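The chains carry the letters A, B, C and D, assigned in the order they are written, with residues numbered from 1 in each.
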Amino acid sequence: MMIETSLVTRENETRSNSLKRDYEALGERLDRQGIAIDTIKGKVAAYGVAVPSWGVGTGGTRFARFPGKGEPRNIFDKLEDCAVIQQLTRATPSVSLHIPWDKADPSDLKAKAGALGLGFDAMNSNTFQDQDGQALSYKFGSLSHTDAATRRQAIEHNLECIELGRAIGSRALTIWVGDGSNFPGQSHFTRQFEHYLDSARTIYAQLPDDWRLFTEHKMYEPAFYSTVVQDWGTNYLIAKELGDRAYCLVDLGHHAPNVNIEMIVARLVQFGKLGGFHFNDSKYGDDDLDTGSIDPYRLFLVFNELVDAETRRAPGFDPAHMLDQSHNVTDPIESLMVSAMEVQRAYAQALLVDRKALEGFQQDNDALMATTTLKTAFRTDVEPILAMARLESGGAIDPVAAYRASGYRNKVADIRPEVSGAGGGIV
Amino acid sequence: MMIETSLVTRENETRSNSLKRDYEALGERLDRQGIAIDTIKGKVAAYGVAVPSWGVGTGGTRFARFPGKGEPRNIFDKLEDCAVIQQLTRATPSVSLHIPWDKADPSDLKAKAGALGLGFDAMNSNTFQDQDGQALSYKFGSLSHTDAATRRQAIEHNLECIELGRAIGSRALTIWVGDGSNFPGQSHFTRQFEHYLDSARTIYAQLPDDWRLFTEHKMYEPAFYSTVVQDWGTNYLIAKELGDRAYCLVDLGHHAPNVNIEMIVARLVQFGKLGGFHFNDSKYGDDDLDTGSIDPYRLFLVFNELVDAETRRAPGFDPAHMLDQSHNVTDPIESLMVSAMEVQRAYAQALLVDRKALEGFQQDNDALMATTTLKTAFRTDVEPILAMARLESGGAIDPVAAYRASGYRNKVADIRPEVSGAGGGIV
Amino acid sequence: MMIETSLVTRENETRSNSLKRDYEALGERLDRQGIAIDTIKGKVAAYGVAVPSWGVGTGGTRFARFPGKGEPRNIFDKLEDCAVIQQLTRATPSVSLHIPWDKADPSDLKAKAGALGLGFDAMNSNTFQDQDGQALSYKFGSLSHTDAATRRQAIEHNLECIELGRAIGSRALTIWVGDGSNFPGQSHFTRQFEHYLDSARTIYAQLPDDWRLFTEHKMYEPAFYSTVVQDWGTNYLIAKELGDRAYCLVDLGHHAPNVNIEMIVARLVQFGKLGGFHFNDSKYGDDDLDTGSIDPYRLFLVFNELVDAETRRAPGFDPAHMLDQSHNVTDPIESLMVSAMEVQRAYAQALLVDRKALEGFQQDNDALMATTTLKTAFRTDVEPILAMARLESGGAIDPVAAYRASGYRNKVADIRPEVSGAGGGIV
Amino acid sequence: MMIETSLVTRENETRSNSLKRDYEALGERLDRQGIAIDTIKGKVAAYGVAVPSWGVGTGGTRFARFPGKGEPRNIFDKLEDCAVIQQLTRATPSVSLHIPWDKADPSDLKAKAGALGLGFDAMNSNTFQDQDGQALSYKFGSLSHTDAATRRQAIEHNLECIELGRAIGSRALTIWVGDGSNFPGQSHFTRQFEHYLDSARTIYAQLPDDWRLFTEHKMYEPAFYSTVVQDWGTNYLIAKELGDRAYCLVDLGHHAPNVNIEMIVARLVQFGKLGGFHFNDSKYGDDDLDTGSIDPYRLFLVFNELVDAETRRAPGFDPAHMLDQSHNVTDPIESLMVSAMEVQRAYAQALLVDRKALEGFQQDNDALMATTTLKTAFRTDVEPILAMARLESGGAIDPVAAYRASGYRNKVADIRPEVSGAGGGIV
């Protein structure tokens, strides 16, 4: 354990009486609605969301990056930070790696993760940057580049990610590319997409039988006029063209303004192509803010679709859940803990929806009572459920307080050298 | 002819010398670029865009409608107004009807249109309003309503549109529904879409062999939380589910803010599902402003895709072209004439693109020269080509000037009674 | 009382035991945080939001309007509906009139409102529609029209609104105009705004000393290229130019996509120009959906600013609160009751924010704890506080249930004739 | 001269005959409209737009930066690149410096610029990044930081910029800060803005009498929940609070989606606070694409306002013009040349607007003819005017062709070492 369990115990002791009282009061109230609080708690306790390895470092913008204290130096430091998140929240049992940033000897990775009680989630490839010593540049694209050799290089990199993933027990590859264009006319939309599809097919052909391929769409950035996989429509076409193990990944921040994301989720569920999520929140673009920090009701509405699909046992429904955020002004460990709990919160609230009543209101077009049914679940303060689930599985009632009390950040800052943010801006 | 040809001739005479000089100068310049101006003129002359029957009446908003003088009283008045547009622009040979607004005896319709030299384009059904005497209300939806009888009523209406269309020589049905919801939870996304698909399949099953079915997507309005056919992704799924004669219709104003529409056009071309267009322009939402009035370069970029597909002979490429606008502050005839010419202008400009050079720049990732290639075509003032095409086919060099000189609006205002806009607002 | 008090009593009796238990549990929990629940309840009980007279009728879009049963025929019917809302929620003590829709003999208005226990809030003028018999049309604008006589007519109408308002005890005039343009070049921005300012100054000069003038900005609709009072920047300039009793009104749905509305509220408070609110919610444009139905956290963040200003005793801070919604698919009375409670809910949640702690976190740039402080307040389920406040002041614990049990809608439907929605669409 | 004049002469010789013919044809046509082409040419020739020193280096995103060949190593290399732009286009006589990036001995700067025939435009301060050795971090803000010492440091930096600017002949300071917040509650809007105003007042107090202070607003990025100077409303308040020499700078990419920018320009002109522009183009956010590359008509509409103000001799109207772009996929020199010409093009087109006719159409609410008046000017291909102005002042008829023919990029690539883009990404 990265943080002494005695400290966690002490921290919990100061809060357990209040928690019990709140849990009982909520339990009594839910009982009146015919809901068994322990059942909800059990589902919450069984729920996990993966942490992105890159999320434990301080993020930034093209203008600047302001590192914090004790920035992780490598994947092994990152895994330790991830272990802290899992220890205190019990909500993040696995880590998603990004290659080549996290490239390391597979047995070392497995050993370290095993020691920390962590598993490995989807592998993420990177063809949106050039790496030192790379033969061909991705300046003008990767999987959809006009040059066949560059496409081949990008394909090889993805195959290498699969190979490493197999060695450490991952079961999925996530592909996000920045390919697109900055000027009208720069790229031929159709040829570019054909190149993308050809490359993706080659990767898919090498996908192990028990793996899934997730492709991610995004409206813009880093390309500012057009992006090859710009929306769920194109993403769906990709998954359809590739085959049964190809699925669409939904990042909550990758859509046009005002788009109804929960409806996209429903469509992908309906057509058997929802692969999973990159959770975060945003107000303007792909802001990568902490999940639920800007529009918690939207997050709830997404989970309302997920619980609906789960309840209906929608065919093939088995989405992967991952956080994907950029922590520019907070301690990344704190943000990831809070975000994991926000995801659990939305899940717990969605579990409280009276689906039988809702279906009736929907059938009768009683819009007011239908939406009130959702709102009633949403405004229930489920914090006691989440906290009790944490407490009972060895986590902290208040993870941020326990983390701060532990002095973890200062301890790693003694070991990990200070990082300068100077000159990092790309304007 | 609705307007005396002698008037048109007189009007043209005052402008023909200047036109000839401008046409020659442009021809000489294009010749230097290896482009034969007469070829472009020929293509422009052969191009036509359909006029919507409802477009010749003054439009409005939920707040108010301010009718103009001489508002058409019925479809026969509307056809006369459409004939004026075609007479002066030679760019709008057909009219698209909207049922039940334009319901009439088919032989009367054919006779009137024949006399005016007009044909009939796609039929448009209307299940977004309730009509007097209608058994069941569309308040909560039509083709996707939770009630089977209401869905059936909406299906029957569409079949009636097909029947009337067959009788008057139409070859396509366009379906746009306002179905959706105003509150989270009001509708079950998946069941609602299943209902829509079932209804659409029933209509499709009755589609004559030589007809096409166009479905239209729209992000929002009249539904303000979710819309059943909300984007091209859902629209594509519909066309795919229905069959080979089902296609997607793209209305330029029906997308989320900032969306790259020309790319959607390219995707639909690539996957054989581009049915056609409702042309208009917009700055905020589905503003239904005059085509090309807000962002003429965007219109050009759409036509750049169309000419590219035409040049490549993309399989199954044969989109329908129609205007769909709301004229709130202009004389609708003038707006439709100018808009038809704007569509022609974008087409002519797109024909000027040096596609061989463009392909080379794209292959070499020479973004600057690629985009300059488009810009060079766009900034060519092709007005002399359009005007010469009009002149040679009996139209007006300056249709708006000729129309105003004709006094048509005042003449019909003498016949058609004044319409009050009072109290029309729905706030 | 529009609804028998015995019915309300009966309805409350079935819910009062649960409410007491929930209120006690919440009170105990808040007590641990140092918050006295009764103080919060007292503030909530004292809070009121005005109801718009036009809100009790079914709304619509330019495409259609689908009336419900028992639509109010005139202002007296509307006042009765408003009285139901106030009776059951105790949150809506006053009504805002819209002229000429609600024009009537002032003494009749006062007598009716008095009998129903209602007061009159701000008067709303209407120069965005033409009325029967109106001399000059507002098709091309009203207060900013290029024609002086039309501007004068619009000014006179506003003065008439003030006169009627004085007679019935109103203390404010709200001006919203649709003036703008649909085409680049149609209007000269500067001359148009000068006209607006001149007209507004003339109205302001006649404003009674104890009145306030509220002007409303809106990004677009009904004008689709430019709007004279398009944003808070222009609105601020107006209020500044006019004088001390001129203020800006903020309608939550009148902003560009993604705009941070709570920050605009803060700026207007800081510069002494926040006049008040038109509450509603929206996902796309000025959707006029029920308050808090789409993004309840945004509503809370607005109230967080209001409570902050109240706490700081910001100079001149005294905003007016009004609902402004369009109820297209619900019973308007139900929507207005729920919306009034949502406004109260946001207020109650904002009162729970630990402002001392928040200020410390802000000063220390502890972003995570600062935002957690807001979230902790927001996720508190304050329903027991609201319900207890209603119960103790004679309202209903569950206003919608009581309303439905009362059969009010059916009763008025027997008296008020059915309204047809046929043909209402303006496309 | 950075490029041999003989090469430019040779390049021009191959194009001058065609240019003369096109210029004459256009002249003849404009003459028919009563416009003297030489007058337009003269105004275009006299027009200049400043180049940003940082624009000549390859830009990037938070994901990656892909440098090109011959990246400038320092401000002296940058000035040479800027001189190429000015030599070939004759449209960019001055350079805008960014401190500390361009910090150097003032006399060296003056000498180098003088030798290259360049002047210095506005100075740009940088408090959105931390610099090596900087005492206090801007992670949580600069001029609006909660800590007085940090604010003081930011103030001092701005004063240093003024000092350097004085020494090299600049006459303006441009302030753009990234200050804001990423989480609701992180910052107190009002206190934060008060801090900003206090800091800005301190800087303004030290502004030389013949200088102007430009402040820039921006909706978001790098702050993703709120930004201190988020829009023109706040920007106007700043300029108003500071005094007569404080003005608002408008960057075309810094607004909310769909905002009517030309109207903001008109408002700032009307209230005497338009300081100037950062020209660029964008489709999604602050994309910093090449000016006019996405929506050339919008650029024209901005210039339409400028020429209108110029024509009306609006009091105090004297805006500064500067490019501000990020060149990620093109040779920055080429992009800046093309962009400078696009700005000139919009200016030339706006000069062609028949303002007398326009005013009449506006007064008569003839929306169609008013907008047609603008369109007629916009669609005039003014390239011959721009090219002739360049030719006559020693520039290139086709600057990009001449630049490519010169081999300048390869020559500097021999001198300037290759730059790696590896690992530059901040995700």
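Please note the rule applied: a residue touches a chain if its C-beta (ideal position, glycine included) is under 8 Å from a C-beta of that chain, and two chains touch if they have at least 3 such contacts.
Here the structure is a predicted model, which means the values were calculated and not measured.
Visitor: On the document's contact criterion, could you list the chains that touch subunit A and likewise touch subunit B?
Guide: Of all the chains present, those in contact with both subunit A and subunit B are C, D.
Visitor: Could you work out which chain's C-alpha centre is the most distant one from the centre of subunit A?
Guide: The most distant chain relative to subunit A turns out to be B.
Visitor: If you average the Cα atoms of subunit C and of subunit D to get two centres, how far apart are those centres in Å?
Guide: Each chain reduced to its C-alpha mean, subunit C and subunit D end up 42 Å apart.
Visitor: Need the CA-centroid distance for the pair subunit B / subunit C, whole Å please.
Guide: Inter-chain centre distance comes to 39 Å.
Visitor: Which subunit A residues touch at least two other chains?
Guide: 139-140, 181-184, 186, 219-220, 225, 257-258, 260, 283-284, 290, 293-294, 297, 329-330, 365, 367-368, 371
Visitor: Going by the contact rule set out above, which residues of subunit A touch subunit B in the complex?
Guide: Residue list for subunit A touching subunit B: 139-140, 146, 181-191, 193-194, 219-220, 225-226, 230-234, 236-237, 255-260, 262-264, 266-267, 269-271, 297, 301, 304-305, 308, 358-359, 361-365, 367-368, 370-371, 373-374.
Visitor: If you look only at subunit A, which of its residues touch subunit C in the complex?
Guide: 18, 21-22, 25, 28-29, 32, 257-258, 260, 283-284, 290, 293-298, 329-331, 334-335, 338, 345, 365, 367-369, 371-372, 375, 378-381, 383, 400
Visitor: Over in the complex, which subunit C residues touch subunit B? Could you list them?
Guide: 54, 59-66, 128-132, 134, 137-140, 178, 181-184, 186, 219-222, 224-225, 257, 282-285, 287-290, 293-294, 326, 328-330, 420-427
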